[in-house]
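Across the two complexes that follow, chain A remains constant while its partner is chain B and subsequently chain C.
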Partner chain A sequence: MASYILRRFIGALVVLFGISVITFIIAYAAPGDPARLIVGAKAPQTVVDAVRHNLGLDQPLPIQYIHYIGRLLHGDLGFSYHNNLPVAELIGQRIGNTVQLALASWIVEVILGLPLGIFGALYHRRTADYILSFLTLVGMSMPVFWFGMWLIQNVAYGLGILPLGGVGGISHLILPAITLGVTNMAFYQRLVKSSMVDVMSQDYIRTARANGVPAHRVVTRHALKNGLIPAVTYAGMDIAQLCGGVVLTETVFNYQGVGQLAWQSIENLDFPVIMATVLIAAVFVVVMNFIVDIVYSLIDPRISLS
Partner chain B sequence: MNNAVLEPSLSPAAGTAVKRRMSFWRFARRYPSVVVGGLIVLIMVLIALFAPVLAHYDPTRPLSDGLSQMGAPLPPNHKYWLGTDTEGRDVFSRVLYGARVSLEVGFFAGLISLFIGALLGIISGYFGGWVDMVIMRLTDMVLAFPFLLFVVALVAVMKPSVTNVFIAIGVFGWAQMARIIRGQVLAVKELEYVQAARSLGASAWNIIFKEVLPNVITPVVIYLTLAIGQNILLEASLSFLGFGVQPPEPSWGNMIQEGMAYFQLAPWLIYAPGLMLLITTIGFNLLGDGLRDWLDPKVGR
Partner chain C sequence: MSDALLEISDLRTSFKSESGYMNAVAGVSLSLRAGETVGLVGESGCGKSVTSLSIMQLLPKTAKVEGSIRFQGKDLLAMKEPDVRKFRGNEISMIFQEPMTALNPVLRIGDQIAEPLRMHKKLSKRELHDRVIELLKQVGIPRPEQIVKEYPHQLSGGMRQRVMIAMAMACEPKLLIADEPTTALDVTVQAQILDLLRELQARNNMALLLITHDLGVVAEMCERVIVMYAGKVVEEGDVRSVFRNPQHPYTSGLLNSIPKLIGERERLQPIRGNVPSLANMPPGCRFAPRCPHAKDICHTNHPSLLDVEAGHKVSCWMAEEVAAR
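On to the complex of A and B.
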């Protein structure tokens, strides 16, 4: 077990290393000279060169990378010249909003998706399942920004009961959480259903049924245990993805989160911020991946640790 | 491609028109998703191909009578079937041309991902060892990146255009494809006849092309179909954010973006491209799901 965790841990580190290299290279290759951005367009070339030297931008690429990693490890994500603030501070202002939205939409996703998935499996290939499958098909195919706009128009504006956008309190979370939660739920319901269908067709379930165990007991006592393992994994991955920021939903609802910040930074070609948001989102995913792998191996004895 | 999909149960014996019809209906009853999804995709492909013939007006040029006297867009009427937009352009023509962009991006991005994914997946699965480990870690990295954000950033650096959009989507969309193909190759590699070919001295590439590739085609076709649908959504998202197809060239995503501020005043500006997008994606998802039920014997029975 310990060696399994260690191997997974090293794997995660390798992935993180690779991600930092890729973001670094793209930031390096990006148009625009950071030194020029600091001193302004009118400064003489000698000043630009001096600033470049001070920032270490005249050193070879690998050395620059090592400095970059060193700064990252000290929590220094760079400086946004566009906002005239450290990137860490910019993100710090918004990460709370993003995590709130992530949790709210994740709750919508799981609360709807889990029971509907189990329900779909119980009624597999019957009318109720077909209707549900059609609805999730629509949910999967729906452009999330379009759905968000539709909700703003018809619920917030049409019924006049919820704010049109922005942040501040639970009322501001409801519509964006529904937008994200419902579209993600569509994928989640399908996953839960197919996993439950797989389990329900296995021999031990059939045996339990043949032995006269009541249907609801077969589901709650026997099928759920194994059927829900993929559901747990997937839900874990989803919360990580959501915490990294959701560009479209935050943009449509003018929600001041990390996703909106990322989009605005791309519009301004503000590379320190872009790279930091990409990096943070990736770190969420890698860390969660690692946790899920470990939890998975603990709850599912069939996973071989070799 | 669609004809082949729709007539799978044609045995050599099914010679007469009546029988052919029967078998088609039986197939349609058994795999309605394939037929309905295939039909939607076929219609969208036809719309994209024949957009210049079907469109009544130039999608990019404002029409002289395209705005009301107050300067507002016109609601749907007998002349402009889906109304006009805020610049007085015909929405119907724009929606048709939008299908071109969507399918073009969806398809070419899918092909690029397929090519990279197949290459890496086959190498990874067939050769194994450290090659496999390196490629799979690379796949993990790509999958850990926030996909949309990364593609948007890439397009912003490369300058937004249709070509750059499908390159960016394709170049980052291969990871899932590589995983699927690798899994298939691992399974096929151990089959007896492949082992036999190997023991007879067939070269690696010979085995890959003659034995392995034919066996991975089914999952690849299924995944490619689903991926095209996702790519179309992604293109629309990029254009909506302003990093995809640039105005005045119409794309469903930038049409929704342009109409966003006028939802109240001119809802057709949002509904027309939005519904086309929704129906197209439903089509590809249905077709992909249906193909899986039909072609993949492991599922569904």
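On to the complex of A and C.
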């Protein structure tokens, strides 16, 4: 077990290193000159050159990367080009909001999607399943920005009971969490359903029935654990992605999270911030991957961690 | 036949499909006495598994099962699902062809064997555990105390089939249906499993319906044999009588298509042609298109199942003619 964790940890470092290289190269290759952006269009070229020199942007790419990694290892994410604040501080202000929204929408997704998926499997090819499938199809095809705007218009504005946007307290979380949660739930329901339908057609389910096990126990005791194996992976990857920031929903609801920050910094070509948001999203995915593997090994005895 | 343990009459099982109902079992009648071993043979797709799953009522919802299946005089087909459940795994058990997939990969062996006991017997935890260990010993599994805690993937195919047998034996059923229990196993393991079945069957005075492709297995294990072709019984009787004196050309064909180990080796004679598809059944005798002796009447009318000797029946126009003379 300990050696497994060590191996995974080294693996995770390699992945993060790779991601940092790729984002660094993409940031470098992107059009637009950050130094020019900082000083403004009218500043003389000498000022631009001076700024570029100050930021180390005139040095060769590998050197720039080594400096970047060196600072990163000291926990220094650099300064935002746009407003000259430490990137760590910008992210620190927002990460809490994003994680709150991520958790809230993830709970909506799983709490609705899991039982509805199981329900759909039990009523497979019957009227209830067809109705549910239609509804989830609508949920899947509904653009997040459209659904978010619709909720703002009709619930926040129309009924006047919830804030139009921004952050602060549970009331600000409800609409964005519903927006994200319902869309993701539609995907999740389908995944759980198809996984359960697949399991219910397996031979060992027939064995259980041949032993006189009643239908509800066939589902809860013999099918569910098997059906959950893919559902766990999916849910784990979803929470990781959500924690990395959700650009559209945060933007629609003017929700001050990492996703909105990422969007703004892309607009401003604010490379230190862009790279930090990508890296943080990657950290969430890598960590969640690890947790999913552990949960996996707890559910499925065929998988052992050593 | 009131002493029959299981009496199936005119069983018709069909599956719903786009082009209407497909008849997989078309009027099968058969019976088993307590403690008797009966072999059910026939080519792939002739309806052996569908017959056995009809008895257990384990077919998907697309299946329509008609006729009557009496077990100890009670018609299983007329019962509601909760009542049928009281028989499954209790009075009637079943083991399947594929031990690799028939066990649940995420449940411990001990829990899986205990499941029928939990369903049908009120036992304390202690009693349950002891019974499971006893069952594992009975089916010849070494280290039962450890095996109960293990998972199916940790066992070999033969061991898994033993586990399946232990599970099927848990409530001491009066009837065990074994659907090709050894097909997926190595030859040496096959013999062990068959020996085990024979031993358990004798000890518990349990009836055994043994579905197989292997006529050698039938010769060795069974008292009676039922030959099915395309959803119908074509011949049935005592194994000796049927094997020595097969009446149906299909049965003769089957017997000619197995290699002889002793005596002079002849050329194997496979039966020519293919099994008709469910959608395209010949109107008369279903074997007629492949039958070397087919006459006009064979293609138009279906022969009934007639006694040729005591306990030996056949469904063939040739036999009817002999009987009419």
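Heads up, the rule we're going with is that the second predicted complex is superposed on the first by the 257 of 306 C-alpha atoms of A that agree within 3 Å, B and C clash if a C-alpha of one lies under 4 Å from a C-alpha of the other, contacts with A are read in each partner's own complex, and residues count from 1 in each chain.
Keep this in mind: contacts are C-beta pairs under 8 Å (C-beta built on N, C-alpha and C of every residue); 3 or more make two chains touch, one makes a residue touch a chain.
Predicted model, so just to flag it, every value in this text is computed and none were measured.
Student: In the superposed model on chain A, is it clash or fit for chain B and chain C?
Tutor: Taken together on chain A, chain C would fit alongside chain B, as the superposition shows.
Student: With the two complexes superposed on chain A, say which partner A:I107 touches: chain B (first), chain C (second), both, or neither.
Tutor: Neither chain B nor chain C is touched by A:I107.
Student: Could you say whether A:I161 touches chain B, chain C, both of them, or neither, answering first, second, both or neither?
Tutor: neither
Student: Based on the superposed arrangement, let me know which partner A:L61 touches: chain B (first), chain C (second), both, or neither?
Tutor: After superposing on A, A:L61 lies clear of both chain B and chain C.
Student: State whether A:K225 touches chain B only (first), chain C only (second), both chains, or neither.
Tutor: A:K225: touches chain C, not chain B.
Student: Vertex at chain A, arms to chain B and chain C: angle between C-alpha centres to the nearest 10°?
Tutor: For this superposed arrangement the angle is about 70 degrees.
Student: Just to be sure I read the superposition right, which of the two partners does A:I10 touch: chain B = first, chain C = second, or both, or neither?
Tutor: neither
Student: When the two structures are laid over each other on chain A, which of chain B and chain C touches more residues of chain A?
Tutor: Per-residue touch count on chain A favours B.
Student: After lining up the shared chain so the two structures overlap, which partner does A:I25 touch, if you call chain B first and chain C second: first, second, both or neither?
Tutor: A:I25 contacts neither chain B nor chain C.
Student: Regarding the shared-chain residue A:L298, is it in contact with chain B (first), chain C (second), both, or neither?
Tutor: Neither chain B nor chain C is touched by A:L298.
Student: According to the stated criteria, A:A208 is in contact with first (chain B), second (chain C), both, or neither; which is it?
Tutor: second
Student: Quick check: superposed on A, how many Å separate the nearest Cα atoms of chain B and chain C?
Tutor: Minimum over all C-alpha pairs of chain B and chain C: 8 Å.
Student: Between chain B and chain C, which residues of chain A are contacted by each of them?
Tutor: Comparing the two interfaces on chain A, one with chain B and one with chain C, no residues are shared.
Student: Give the list of chain B residues in touch with chain A in this complex.
Tutor: Answer in residue numbers: 137-138, 140-141, 143-146, 148-150, 152-154, 156-157, 229, 233, 236-237, 240-243, 253, 256, 260, 263-264, 267, 270, 274, 277-278, 281-282, 285-286, 289.
Student: Using the touch definition from the top, list the residues of chain A that touch chain B in their complex.
Tutor: 11, 14-15, 18-19, 22, 26, 29-31, 137-138, 140-146, 149-150, 152-153, 157, 241, 244-245, 247-248, 251, 259, 262-263, 266-267, 269, 274, 277-278, 281-282, 285-286, 289
Student: Please name which positions on chain A make contact with chain C in the complex.
Tutor: 202-204, 206-214, 221-222, 225-226, 299-302
Student: What residues on chain C touch chain A, complex-wise?
Tutor: Of all residues in chain C, those touching chain A are 56, 58, 82, 85-90, 93-94, 96, 98, 101-107, 115-116, 119-120, 151, 153, 164, 167.
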